[in-house]
Structures are given as C-alpha cells and as structure tokens.
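Shared chain: chain A. Partners: chain B in the first complex, chain C in the second.
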Partner chain A sequence: MKILTLNFVTCARKACKASPAAFPLRPREAELEIVEQDINPLFVRNVLPRLEWDALREVCGELGLQQLPSTAPSPDDLFTTTPAAADTAMADAADAHEPRPSQLLRDLHTLLLETTMRSGKLVCGNCGHEYAVKEGIANFLLPSHLV
Partner chain B sequence: MLPTPSTDHVTFENVYEPAEDSFLLLDTLSSRSEREFLRARFPATAGASPVVLEIGTGSGVVLAFVAANALHILGRSDIMTVATDINSFACHATKKTLQLALASNASENPSAPVPIFLDSINSDLASPLRAGSLDVLIFNPPYVPTEGLPDLSKHDKFNAVTEHGADSFDCNSHMLALSYAGGVDGMEVTNRLLGQIPTLLRKGEGVAYILLCAQNRPDHVKSLVRQWGSGWKVETVGSSGKKAGWERLQVIRIWQ
Partner chain C sequence: MPRPEDSLPPDLYYNDTTSAQYTTSSRIQSIQAQMTHRALSLLNLSAPSLILDVGCGSGLSGSILSSVPGSAGGPHTWIGLDISASMLGVALEREAEGDLFLADAGQGVPFRPGTFDAAISISAVQWLCNVESGTESAEGRLNRFFSGLYAALRRGGRAVCQFYPRDDRQKDLICGAAKRAGFGAGLLEDGVGTKQEKKYLVLTVGGGEIMGGDITGVVSGLEGVDVVDGRKGGKEGKRRNGKGVKSSKQWILQKKDRMERKGKVVKATSKYTGRKRKPVF
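So, the complex of A and B:
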C-alpha cells in the first residue's frame, strides 16, 4: 500500500467516520519497500491540492521517514529552470530553460508513489481497530459485530 | 478501437470473468458523449488530479481500461485510480491487471506520462474511503435477483489467501456468488451503495457510473435518485442487449 493511498483511507467503521482521530490511520509494524515507478511530474504537481498535508506528515513521522516541511510546497517549488549538475554538459541552449522536476518533486514522487507498505497494520486512532496489510493489500473487512 | 486489458493471468474459478456487463462499461466510458462529459467536468487545465475509484473490480479489466486510456477518456494522464473488492483473490488479480495494462501502455508510448494506480483494497464497497474524496466512481454491482445474499459469516475463512490458494468448491462458489447475487430485485447491494454516493463523491464535482439490468427496474432506481434533491441528476448513458424494446443492461450516470 502506497503512502499516498493512506491519505485517502480512514477507519471503515461507521461510528468512526465523524471522528478526527480516525484519520490518518496509524501504521504499525510496517515493513516498507521501494517499488520503482516512472515519474509523472504533472501528477506530482496536481496531486498536491488533493493532499491532506498534515496527515501525510503524521504518517511520515510514524514511519520514521523524512521530515516534511510544516506546510505543503507551492507548485513553483517543484520545478527548476536551472539544469541539474549532471546534465549541464549535455544541455543545449534551448533545453537549459525548460522547467525540470526539482529535487523536492523527485523526493515527493519517491515518498508518495514508490514507498509502499508491504505488510503491517493500520490502526484507527479512535476505536483502536487494526487492519492488516499483507502482500501490499490492506484488508478493511470488519467482523459482523463491528459493521 | 482501444485495446481490452489482458486478464490472462486471472483464475476465473474464484474471480468474476469479464463479460457483457464489463464490456458495456468499457464502451460507455470511452464513448464520445462520456469523454466529452468527463473532459468538461475535469478539465486538464484545472489542476487537481481526479480520483477514480472502482468498487468490486473483479479481474480489474474496467479500471485497467480507464487507467491505460486516461488520456483518451479524461483528456489527462495525471489521474489516480483505486480499486476495492470484497474478494481478496480479485484484489490480487486487479493489481496485476492494472500493472500489466500500464506497463504495456508505457512500452508503446515511452514518452507519455503514466497514469497512477494507487492500490487494490480488500473492503466492503467503499467503506474505508474518505468522505468527499472521489471524483469518478464506477460500480458493476452484483445485480442478479437472488433469494438472499451470500453468507458473510464464512467470508473470512474463504477470503484468506493460503499457500495452495483457496481452491475448494465452496470457496469458489461463495466468491462468485458475491460477484453476482443481488438479493431482492438484484438491488440489495446497489441500494446500499446508492445511499453512500452523496457522501463519497466530491461535492458538486463527483460523478458515479453504475450498471443495472432490466430486473433492477432502472426507471424506478432513476426516479429515486431524482428524489435526492440538491441538484442530483441521473441519466442512462449506455445500454446493450436490446430485446423487444427492453435494454437488458444499462449504465446510469449520477452527478450534481
């Protein structure tokens, strides 16, 4: 399960829907892995307005991942017109002024789309219910007495 | 004609096999009128990436089709797709179908940005999805009228992925029943989802596509949606199996 997905899910119990403590779900005993993905710079820019930034920061904190800035970056922070050092030699004059993904955009891509929870638990901060994640797939089915 | 995603890797003993209803959804979502509707509703210039959720993906053929053809259907490739299914075997099948479809797309157009497949989630309908977070919701429900619904008290046992796979006859018939058995009028599961649509969809923006069969009494379903008020609209946007003036299957679009 991708870190980005955790920004869209909450406790499956009806009773928890109205509780702010139910979101984000807290990862526990998480086994993380990096699954490489092609970068889609436009996506990283356009997903920003869809993010609950504070929830993303919380999840990163719980997982011991990189510290995110306290507020969401602006779209301007995601692109740079300065060629990356390694590209300088090859960049021709026209190319040099094309906006390129900044390091921040690359880091967000890695965090949101490549960092995945292979196994572990997602715990509701309101009711304490634990949802298992196995082989990257979270199980949100509830026992009948909790539905 | 857009290619149908490959589902050759799926075991159809316990996962619903793509059929006429799945193909009607593919045709409807890629029809000129729906492409125009979706492009106008989620203009690429407007920024924010749309979230596309399919409930009960089965093999994943419909969601993979939308993801792989996002540029053609929605006019943009910066979309997020999410899958849910109550059947864990279907969740695994869907994940693979999406990965294959997006990879084959990427190899054909190496320079095109790849749409995002977030995850396959094992859940009842859209129960873990945050309220107001969905832009496009797609549901091919269990719509066949049946006496009662499958017994969920045994679901946990059948749903567990074991080393040998769960290949027993009982498990397979339970999983397949969940994909088609709709109870009274074939509407018991669909009615539950309909009740959640105003909460799940992004306010004023979200749109839902739901497949119905003739026995579901589509005209009655549509009249109930129109009674929600608050500007909710519903229209039949695709149909197949015309027989003596009756559409056997149809896709309705619900939006505000």
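So, the complex of A and C:
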C-alpha cells in the first residue's frame, strides 16, 4: 500500500467516523518496499492540495522515513523553469521554458507513490482496531458486530 | 442464464477457480474493457486523477485506468476495493498497479472526505443487494455504500457504476439509494432491448456550475444518446387533489409509491388493490 493511500484511508467503523483520532491510521511493524514507477508530475500536482500534510509527517516519522518540512510545499515549487546545469547544453531555447520536474517533485514521487507498505498492521487511534496488511493488501473487512 | 448473485455470496462465489476463469476468459475481458472505456468517457477526466474502483476484482478495469495515454488525461492512479480474497490474489499475480483493499463496500467506504476525483464500479453494485445475515438489509448496505462514496468523492467528482439489476425493483432500489445519499443521478442504458443491455448509473457530487446543474449535461458530449427525463414535471401531478381520501384506492397507491421511493418492500399493485369488499360483515 502506497504512502499516498495511507494519507487517505480511515478507520472503517461507523463509530470512528466522527472522531479526529481515527485519522491517520498508525502503521505498526511495517515492512516497507520501493516499487519503481514512472513519474507522473501532473498527478502529484493534482493530489498535493488534498494531502493532510501533518498526518503525512506523523506517518513518515513513525515509519522512520526522512523528516519532512513542517509546512506543505506549494504547487509552484514542483516545477522549475531553469534547466539544471548538466543538461543546459542539450536543452534548446524552446525547451528551457518548459516547466520541468524539480527535485522536490521527484522526492514527493518517491515518497508518495514508490514507497509502499508491504506488510504490517494499521491501528486506529480511536477504537484500537488493527487492520492487517499482507502483501500490500489491507484487510478492511469488519466482523458484523463492529460495523 | 442463472445469476451468480443467486447462488453464493460474492466472497465465496469468486473462489480461486472462478476468479482465475473470470480473469482469463477473453470474452469477459473484452466486455469489461468495453464497459470501462464507456465509464471513462462518462467520467470525462482531463488530468491524471485518483480513482476509486469499487469491486475491482482482479484489476481488469484498473489496468485500463493505469494505461490511459497522456493525451487523454491519463495515466490515472487507482485504489481498488473488493470483497473476494481470491480475486485480489489474482490481481497480485497480474501485478496490478493500484492499491488493493479487502473490504465490503456495503460496510461503507473507509476513506476520508474529498479523497477521490472519481469512482468507477464495473458489474459490482448488484452484489450489495445480497444479504447474508438477519442483522443487515439490502437498503442499509446500499445506503452505507452510497453515503460513504458521496463523502469520499471531492466536490465536482463523478462516479459511474455499471451494474446488472435483477429486475426493475432492484434497479429502483439502487438508484433510489444513490439519490438519497445526495448524488445527482442518471441512468444510462446501452443496447436497450438486446441481450447485451448495459446499465450505467451516472452520479455527480455538486458541480452544478459545470453542467448547468443538471445530470443530463453529463451525456451532452456523447453521440447517439437519447435523454428521457423521468422526473416528475414540477408540482402539477402531486397537488391536484391533495392526498386523496384516506383508504381510497388513490390514497393507497400514493402511499405505496411513497414507501417504494423510501426503499421499503412494497407488494405489487393488482386489480385487488384498494378494492371495496362485499358488505358481508
């Protein structure tokens, strides 16, 4: 399960819907894996305003990933118009004005879409229910008494 | 053809054998692909989006979402829900790009509000009408699903659910549940009267400014679609004679209609409905 998805998923129990503690779900005993993917700059730009940045920082902290800045990056930072020094020679005049993915966007892509949780548990902060994650698939089936 | 919904609950029906058969059958693959493309054209997405796939199964429709070319607004990222562990197992083998959840959509949609740009569901919603225990009802499951879906979609988002209703009653039940959740709802029927008839429930969240506030605006760009507006024409029909005299045939019919719209089980109307009895007693 991608870190991006962890930023959206909440406890499935109806009783937890109203509680702020039910989001984000806390990862426990998580085993992480990097799955390479093609970078999709427009998707990252589309999804960035929807992220709960504080929740993302918390989850990254608990997973032992790199420290994120305390405020969310603005969509303008994702693209740079100045070409990097290495490929200045290759880029012709028209290409130089094309917005190109910045290092920040690459980092976000690696964190949100390529870093995945392969196995472990997700624990609701409100009711304490544990959702098992196996081979990247989270089990969100609730027994009928918990629905 | 017997309906699979009648034989077993979905998590048991789609066992390892059925899931593998379902995924490798070229006939099912082509039908699924055709329906997914139709749903995508109804969603009309212009940028790479986050999409929820309800009843994603082995990721047949998901792989189409991931392979939409950049010129058509793709590729999209998707998150799939399915109740069958075997189906998800097949999806793992096929290396589905999306994140998979083993979840029952009838228990709600476990995502925070405003998560998704769009949602699709191919041949899944009719399974929600299956009730296995006495503690839940088809209406309750549909209500929980549609209200959860409504919350999880962002404003202006759309959902397209292709489904196979058993009969008109089930169709009305599903459409009614979607409307009650707050969606702007319309039903698109392809190939009416043929064996290949497909029903798509097109749902919108807010977004009145995009289409003039009307669900029929969704299909305005598509060719060969006739719009049939089944909504009641204003207040004229209702106000003519108030509610009618209590226990008259008209009153009973109105009440049955009202209860049906609420999603209650209502007996079919016959020539005996509201008939006067002989003065024996």
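Basically, the second predicted complex is superposed on the first by the 145 of 147 C-alpha atoms of A that agree within 3 Å, B and C clash if a C-alpha of one lies under 4 Å from a C-alpha of the other, contacts with A are read in each partner's own complex, and residues count from 1 in each chain.
The definition used in the following text is that a residue touches a chain if its C-beta (ideal position, glycine included) is under 8 Å from a C-beta of that chain, and two chains touch if they have at least 3 such contacts.
Note that the coordinates shown come from a computational prediction; the quantities given were computed from them, not determined experimentally.
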Room on chain A for both chain B and chain C (clash or fit): clash
Partner chain in contact with A:136 - chain B first, chain C second, else both or neither: both
Contacts of A:126 with chain B and chain C, given as first, second, both or neither: neither
Chain B versus chain C as contact partner of A:102, first or second or both or neither: neither
Partner chain in contact with A:49 - chain B first, chain C second, else both or neither: first
Chain B/chain C common contact set on chain A: 1-2, 4-5, 8-12, 23, 37-38, 40, 42-43, 46-47, 50, 113, 135-142, 144, 147
Chain B-facing residues of chain A, complex: 1-2, 4-5, 8-12, 17, 23, 37-38, 40-43, 45-47, 49-50, 113, 131, 134-144, 147
Residues of chain A that touch chain C when the two form their complex: 1-2, 4-5, 8-12, 14, 23, 37-38, 40, 42-43, 46-47, 50, 52, 113, 116, 135-142, 144, 147
Touch list for chain C against partner chain A, complex: 47-50, 75-77, 79, 81, 83, 88, 92, 97, 99-104, 107-108, 110-112, 114-115, 117, 133, 135-136, 144, 154
Chain B residues within the chain A interface of the complex: 47-49, 51, 77-78, 80, 82, 86, 88, 91-92, 95, 106, 113-116, 118-124, 127-131, 133, 152-153, 155-156, 159, 161
